Structure formats: C-alpha cells, structure tokens
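Each chain gets a letter, A, B, C and D, in the order it is written, and its residues are counted from 1.
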C-alpha cells in the first residue's frame, strides 16, 4: 500500500511527502510528466543543485547580500507569483492602503519563521510597508518556494530559506535571523515554536525584551502553554491558532479543497465510488469528509469524541472502528492529531494499492517507522 | 485575464493547454516548483530534446525497431505506470483472464489512434492479449505519456507517438501505422476521426476491406455521419461516443473531478466563495457545476436549451446570460460544444485575473484569436 | 414494522396510504393533532358524510346541475386554492394570455380522467379558456380535493369526482363523463388508462371517432402499447409519460421533495443519521437518494441494472443486496417498478419500528398480502 | 404576501402560527384535506371544546384527579405515541435501565415547564423512573399534545396543560404545579423562564430552597443572567441552552429538517428552483440554508457578523442586503434573533405570494404589527 503525507495547515497547501514508497513515486511522476507546465519549473530545481546556498555568494540588484536563498536570479519570476497572490488577499492589500502613510509598525523589529510562499510573502511585505523591519526564515525544510524567497531578497527583506534545506541549515537560517550585529528583534512571528524556542534558549537577553509573540500552530501554542505553566513565559504571546478564522477557514474550508488537490496531484485517483475512511471528525476531518462525499466517495468516519461522532452521524457518515473497514477501503485519511492512528496491523490488513494519507499536523499519525 | 484550455474527454484527464498567457504560466510553475515529485519527472523531458524521435535509431530489448517513441529507456518506468492503471481497470483485466485462452480477436489487425496513456495502454495490451495485432499512433500532439509509449514499444506493440510532436510528425505517425509492407489493417479504433480520414483518403483499397470502425469522439462521429450521408461509408462503424457509459461516466463523473483538478493544478485558485459561471448545462456542465457547488463556489449557468436550463434551475443554479454576470465572476467555464461562446467583448469586460477555462471538446469555445 | 405506501406521480404529491398498521396510524394522528391548521380542514370532510354525492341534488350559482361533487358550497374555498396554484404555473397562464383570443381548441370535446387537484384544475380551465369543452372524472378514488372539484363545478366544468368514492362510484363518474346525450367526446386526456379502456369497451363507436389520446402514466402507456400490438388502437395516442419533463421533473425533482414530505407527515421521523435503503436507482430512486443524503441519512441502494448500479456507486451510495442491510436499516424505500421487492422474509428480519415506504407507481412492490 | 411563523426549538418541531392571512390558511386546509389521516385526528379537538378543562372533573383509572388535561380518555392513544418516541430516544431509555434500581433522583421534587409532547413525556417519565417526583405545565399555550398529556396523567404524573389554553390558564397551570399543600419543589426544569419567574416572584421562600434550576432556552438564560447581575439569583442554575448538543443538534440538525417540513405542511411549495433569502447565518440559518440548497433552491444570506458572513460565502451562498433581493425572492426566512428584520418596507416590496417564515425563537423578527 502507498503512504503519502501532507501537511496542510497553511493557505498555500504545502505538501511535503516523506518516505514515499516507489509505487506512489511512480504515480506522481506519471502525473507530472503529462503536465506540460511542469517542465518549465524544472530549471528552478535542477541547475546548480550541488552547491549549498550557504556557500554561494549572491547579491541583489541593489548590492545587498543580506539574505540566503537558492538563486537570486529567480526573483522576477517570484515577484509575479506574489502579485498573483495579492489579488486574492484583499484584506492585507487594503490594510496597506489605509495605513501605509502612518507607518504604525515603525520601530517594530520582527523576526519571523513561517512557510515561505507567495502568500506569506504578501504578509511580510505588508509588515514592511507598515514600517516594520523583518528578518525571516522557513519553519519547514521542504515548503519554501525558492523563487518567492528570491523575490523577497531582491525587495530587500532579509530572508534565509530554501527548499530542501538540511536540519542543520534549518537552525543556521533561524540563527542568521536572530543573531545580527546592531539589530535586535523585539517581536516574534512564529509557526511551530522553533524560532521562539531558539531565541528563548540561545538568546535569553533578547527574549526578555521581546514585546510580543504571535504563534499560529497547535504545536507552537502547546509549547508556549508549557513555558507559561513553568513560569518562564515572561513575554506576551498571542494564540492565533485558536482564532475562529484559523479553525474554520484554515482547517475546515482549506482542507475541504486541499484534500482533493493533494490526492489528485500525487495519485491521480478518481474519487467517485471509492470507499474512504477519515480518522477524526474535527474541523479538518469535517472538511475532508464534505469534499469527498460531494465527489461521490463512500465515506466512513472514526472518532472517539462522542459529540464529534454524533456530528459525523448526523452529517450522514457511518461511524466505525478503523479495523472494521480497513480491509475494504481504498483510501485512509488521518486527521486526529494523535500518534499511531494507523498501526502496523492496519497497514498489514489493507487492500493492495490502498492509499494512506496524513492530513494532520504531525507526521506521526501513521506508524511509518514500523 | 487568464485563459486556460483543457480537453478532458478521457479517463486520464489529459490536459493540453494552448496559447496560455504568461500569467497562468507563472502560476503553474509556482505550483510545480512546490511539488517535490515534479523534479523526478523532469529527466523524461529534458535530456536529448533536440533530436527528433524520427531521426533516432532505437531498439527494444528483443531487438525490434518497429516503433517510434521518445526514449525506449523509459520503458521500465512506464511499465509501472501501466501496472498501477491496471488496478483501477478491473473490467479489462477480468476480460483478459476470461478470454485469453480462446484468443477471440485472432486475425484482427487493428490500427488505432487515441491518446496514449497508461489507461489506453491497458486497453491496447488487452486487445493484444485477446489475439489482435495492433499498430498505434496518438490522436493528439500533446497528450502522449512518453514513458508509457516506451513501455508499449518494449512490449512489442508498434507504437508511433511522442509528446510535443509536430503537425507533420502527427500525420507521419499515422501513416507509419497504416502503410506497412505485408500487413493490412482490417479494423480501426479511432478518437477524432483523423486516422479514419487518412485511411479513407490515402488508402481507399485498405478502407474498403475494413471490417469495422470504432469511433469514440463527437467530432469523429460527426465526420462519420457526413461520410455516411454522402453515401461513402462502405464500412460498419460503431458510435461509442453516445453510449451511456461515455456520456454519463466520461462526461458527468469524470468532469466533476477533472474540473477541480485542472483548475487547481494550473491556477492554485480556492473555490470556496468564488463566483463561477458555467456555460452549458449538458453532462459536462452538470459535472462541473456539481463539483464547484460542493466546494462552496457560487455558480451561475448559461444555457439555451430550455430543458437543460430548467434542470439547472431545479438543481439550484441561477440561469443567466453571460453578459449579466461577466463583470462579477471570478471564473468562466465553457462546455457548450459551440464556437465563440466567450467573445472578445466578454473578455474585455471581465475582472482582472478572471480565469477562463474551456472544458468543451473543441478549442474554439473561447474566441482566443481575437 | 410500519408500512406506508405513497403514490407520488403528480406535482401535487397525492398520498393514498393503504393497509397501514395501527402504529403508523397513531403517528400520523399525533402529527396532525399538533397542527393547528388541520382542524380547520375537518369540516370539509365531516359534515354530511353519510349521503353519497350521487344522491344529492346540487346546483351551482348559475343554476347548472351538470356535475357531481361532494359539496358545491366549498367552491369559493377551492377557487382560492386554484388561484394560488396558478401562481406557480406560469407556462399555462401565459399560454392562456397568448392564445385566448384565437380559441385554438374550439371544437375540441375533451373527456378527461386525472387526479383532481388545484394544479390539474389550472390545466382544465386552461383547456376551456382555449376553446375546448371538457368533462372530467378522477383517476384515483382518494386523491380528489373536494373543494377544488366544487370550484370547477361552480365555474361550469362538468366534473364528477369526490374524495373517498367507491370502486362503483369511480366507474359511474367515468361513465357520466362519456355517456351524454347530444355531446360526443373527440379527445381523451387520461392518467392510468381507465377512461380509455372504458370508452374502448363500452362505446366503440365513440372510440373510433376520437381524434387523439394523451396518456401520462406508465400503466396507461403500457395498456396502449398492448392495444396497439393487438392491432386495435385505431386512434393516434401520445405518450406523455416518457417525455423528458415527466421523467426528469415529475420523477427526479418532485420525488426528491415528496419523499421527505411524505415521510415527515406520516412518521415525524428525523432523517439525520438514519440508515436508509432505497430499492431501485431510476429517476425516482435518484431523487429519493439525493434528498435523504442531503439531510444526513446514510443511504444504501439496491439495483439490478448495471449502469444504474454504477451511477449509484459514482454518486456515493453503497450498492448492496437488500438482505445484506435489512437488519440494520431504519427505513426501506421501494422505487423499482417491480413486484414483491420487499418480501415476507425481509419484513420478518427488519428491526422493530423500521419504516417501509413505497415510492413506486404500483402498490405491489411490498408483499403486503403475505 | 403570506406570513407564517414557526417556533422550532424542540425535537417535535411544534408549529404555532399566528396572524396568518386567509391565503395561507386555505393552503393548509388543502394540504390536510388530501391527507386521509388528518381526519382521524379531528375528534381529539372537536368533541367537547366548549367546556374548559379547568371546569371538568376528570379521574384517571387509579382514581387520582391530581392533573388537568383536555381529555383523560385519550390516554391510551397518547401512550402509543410515547412508546414510539421512546424508540428514538435510546439514551434516556438506557439511562432508565442502568439507574432504575438505585433511584438516584430519590428526594428530588421537580417542577417543570416545557412543551408537552411525546418526547418530553419520555424525559418526564425517565425522571420519575429514577426516583423523582414531578409536577409539570406547558411553556407554550399551543404546543401541548393533548393525548400525551392524558397519558402522563393516567400514569400518575401531575400534569397541567392543554392545547389552546388561554394566557390566564397558562399561569393557572404553572401555579397548580408550584402551589401544593404538603409538597414543596426543590428543583426547577424550565424552558423560557416563566416558571422560574413565577416561583421567584410569588413563592420567594420556595425559591430560596431550590437546589438547582435547569434552563434550556435563550430567553430563559437571558433572564437568569439578569437576575444574577442584580445579585438576586441565590440558586445554582444550569445553562443548558449553550451546550453543544443544543446548539449543534437542536439548532443546526433539527432546523435543517424542520424548515422543510414546516414550509411543506403549511404551503405545499416546491423548493427546486425557488429563490430564498435566509436572514442570519447562525446555527439555525446554517441548517436552513443547507437543507434548501440541497433541494435545489437558490439561496441568499443576509448577515451582519463578519465571520458568519464569511462562512456563508465559503459555503457557497451569496451574502446580500435584504433590500437587494427582496423583489425577486420567493421565500424569506428569518433566523437572526433580532427584532423587525423584515420591515414594513420589505413587506411592501415583496412579490405577490412571497412566503415569509420566522425560524427564530421570538416572534418579533417580522414586523407583523405594522
């Protein structure tokens, strides 16, 4: 059986599949080889892969080298992508228009760590437009859009990120954002808590003077609560993760679309008539179920929370135990937030060619290790 | 505004965009550059693009050169794709099992012209398994999966097709299928009517001895009817296009999925809350509307047939004139089968960044020329 | 288990339950006893039930007695119902406006036999407005809206029908329409074929001079085909039943609404989370399934036609054998057009309080007799 | 235009229409006159309407007169209704089974004021089975199912309620529950706050000794908060209204079904193709919109809360101002919880025959007075 892992917690529907078997690899390749556009993209990845960005000397058109990206030459291309993203992000754009004159963020020195995509680029450039100084790294080693990072660098943002960076690169980039002569961050915008953790551990004197932390992920919020309980969170922190716009929109509405998109791009599977089991009926699960039901899949739900289980039932899904349906389903989707929802035993009993997909935040829902 | 053209009349959802503006190009690239799989595919396209397959000498592992494909070395890879496709095509596979012993197609010499994909490969190899001899070319210059063609060639099928072949190559490949010393086709399997037309015009003596034609496209069927009216169709021909499985399944159910897939892959647009107008409420339009409605789009329909218009209305779609909504919509989808449904004037009045997509068979629904 | 039978083949969603057990009776009564309107209606039924309309002398305000209805005094009330129905029947109303001057039906002497409801009254009065003379009886002994019949009688239509008439009354009414001194029908508008059969058998000389028959039911059309095969159909007959407006609108869209309405009114059951099996996935079954799925029921389908079964599958319904799910379902709905779809054995194995509902035309889908 | 008012906040979907014009009256009558069951119910209402239950002497089969209902003779009939309701209320029934032996509610003297229906009867009898003593009145003068009240009385519950009681009767019934020699309530179960208010005002010494109040309506909870703010709520009170089961299930899932049921029973309208505006996109509005969309209505939403408006948009509904669409819609549904959402001016501009329906709790959403 195939195993695919998405992490879909940003508007950009980043996908970072890991440990994919040969089979799904071949499917994906078949997918992109029929897509006449794909080839155009290949040059962004193939050219000089051997040299690490850390070892390259790059300079933007204004002579600045205050960044580290894959290839500054892709800037023009990334700029177009950012411009397209701006068209769908009218709230930020109108905020720019309204407040640009007053520079309400003047004095803010923001260090950020998020996925780096056309959409987050619009956010970063809005912060700059409102007067903030920003230094940015990636919260995920796979999700950076290199050409967007290049466009940011070209525009003068101190960005340190590239797609496929190593674990070591990851922390090096974060450090490059924080550890700067003559500049000290006073605000943190984090997704996952790694940046916050780094500042807290490595630069305690900087941490104490932080005026505010914004954190948008479950994991990061969890870590902040732990810090707070231990009495060590001396800084105001804002939980963006639990906001209704995050819960309903990011999780429900975005996952409703990204589950289809992710499965189609990686497996080319047709949903009509397929039997699917969705593990977990939170907002993410609700979004997945709604989308799959609408496209004609026969959807089962596993859920341990009685209220959510009742909702699944009232929404027309049979609530089952995973072991009851594991033999018959064509697709298994996990969105529980728990560990090892799909066990070795489940994997053994699946049909050949059953697709296993993780929509949850962590990549431990499927016991891949075993 | 962006213009994208799909042709989605096969299970494999082949896409062959033409005349795409820079903008949608950039979107597509952004899409694939975030897809870690895409790069794997790139080698299939990039290597030795300069040399035309017509000029290359290639031999499969059994020493045969009776084919012309991009790169015979991709055969192993294409074989895996075919094997995956077989898993979803249980009808053909069980047909093989049931009838393989009897070779019911012994004596059949089939010349075929279809999209060449993993799915049609399963069909071709089934025909061979049942005893037929097959020679095959592509019905579309963009849609061939090169590695699948290679796998067919390696398996001994006389296949003449590659992705991105020229108009001249296209007819050369068809001719190579028909014009063979010591072998004369007695059956035609066609998609679009080009092969049938070529045999009819160039090899009238072969045409007269054809035992049957199977045609699966609207266009090809139309051409056969014209031939028949003119009294020149001296051969039995079967209209597969109007079969219920084609109309309901290919058109309704497949388009329900491919409209989402196609738009996502090329534009990364989110459907929730978008205003969409679908031109035409036949089976294709019904599929598109159902899918988009399910994902939270606000869908309008244009339709001139009163029954179809009433169906759209009873299905919950406002039936409008295109000019009424053209200023406000985010996406325009054509599936009428008519010419110039979207005119120059419509294009002028659209919102900036409105997406225009053709789901119809012909690429004339949008007046791109103007 | 409860057994309920609908016949839902007209826009008015007439219900004529038969052989209902005590249990469902009690539910229905509970339903209407909480409905403050119902009591208002009771006077229309209760007053002078004992005297058969056949024995009453009634005269309309113009002095005519050329009709036989329950109570001519209800005419004003029925008129209001007809006026309300006219608001949703804009096609007939605009036909009246367009053609009233020319009286295109002058000379037509139409004898009709349909359900008599506000909606058919609009049809009958349109025929009259276009110049036809009409005599009308009911095609069903339960479905007549007495106050509507009264309004027609008051308006001068020769109508012979009342709710709850006996089998004998039924044929007497039909005969009163046909057998008139000095008036001979030249057209038949029939629903079910009883009127046509009566004229054919009893008044062969009238039958021969009929200029046309319009028949709108499966049963009636079937009988006409038999007559035709026997070489005895000497009159042009039009099959309205198979028109797309009947198949798609009457069956698909109307049943989509009436299945909910019928079950709610008779059982007060909530659909969310209920397990339902729908026998048959024709247009009626498709309508039932769509509606129940939308309200959160878990829907299974039984189907013997492979194409329809595949459609059910692609629409997201598990296709099963009735015996597989009969133990677990809360509702069984038949819409196959066959006999004894639900057998004695099925009835025995159902859950206590399982609801059994016939949406098909004939009342033989459920083996009630056993 | 017609005006209909539902109050749909209980599982039984009680309807108490007020100030309905003649037109909708006639529709309803037409509905029930075609329903062969309705007549059976009429005897429950018609018989001895003239004598007030307060003046009748009634005794149950055990000789007790400790109740006041319409007609104790209907008890057997009501019992059957309760038994049917029990089948869908498995949680309470299993609670009975589990705890009946221990009598955990021994010593509880509960005075209750709710709708009195088969479903609440199951609740009341469960409380009794667990050891409580109960006295009960109706929270609404229209909603009592008389035969259910009779069954409760026959079973020994002190119930004081009948359908169509006067305002004066209403308070008299409440008082009869509280004001009993030798029995003093120690718990209150209320729906709307009238009983709580009565005890608080008239029997302050009883109120002080109440051990707990359970309140299940928005209004009642609002009144309790006011009492609490004024420092006068000396008793623990539990807000059942805001529980997830009430918000999601009562409001979302129940309204999804009752909006259809209510409109069908009162107006016989077909939803397919109708234009509907739903005012308010809270849980009730979400339920209404989902149901109407599923049946093919074209649904618009008005909403002032930006998050709810965005949800409506992402769910595929055009968010509009009421005045924008008031001319074109066929149905207006209010579920805002506000006053005068539909104003005199809106009523004036509606299409003839537009249906106006209140799904909100209060009956002031439509400015009927003007």
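Following the convention adopted for this analysis, contacts are C-beta pairs under 8 Å (C-beta built on N, C-alpha and C of every residue); 3 or more make two chains touch, one makes a residue touch a chain.
Model, not experiment: these values are computed from the prediction.
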*Which of A-B and A-D has more C-beta contact pairs*: A-B
*What is the distance in Å between the mean C-alpha positions of chain B and chain D?*
58
*Could you state the distance in Å from the CA-based centre of chain A to that of chain B?*
34
*Whole-Å gap separating chain A and chain D, where each centre is the average of the chain's CA atoms*: 46
*Multi-partner residues of chain D (each touching 2 or more other chains)*: 253, 272, 295-296, 310, 314
*Drawing the touching chains as a network, do you get a line, a ring, a star, a complete graph or other?*
complete
*Once bound in the complex, which stretches of chain B touch chain D?*
272-273, 293, 295-299, 310, 313-318
*If you look only at chain D, which of its residues touch chain C in the complex?*
11-17, 22-23, 25-42, 44-46, 77, 80-81, 84, 87-88, 117-118, 142-143, 145-148, 163, 253-254, 256-257, 260-261, 264-266, 268-272, 290-291, 294-296, 352-353
_chain B-facing residues of chain C, complex_ = 244-245, 248-249, 253, 307, 310-311, 314
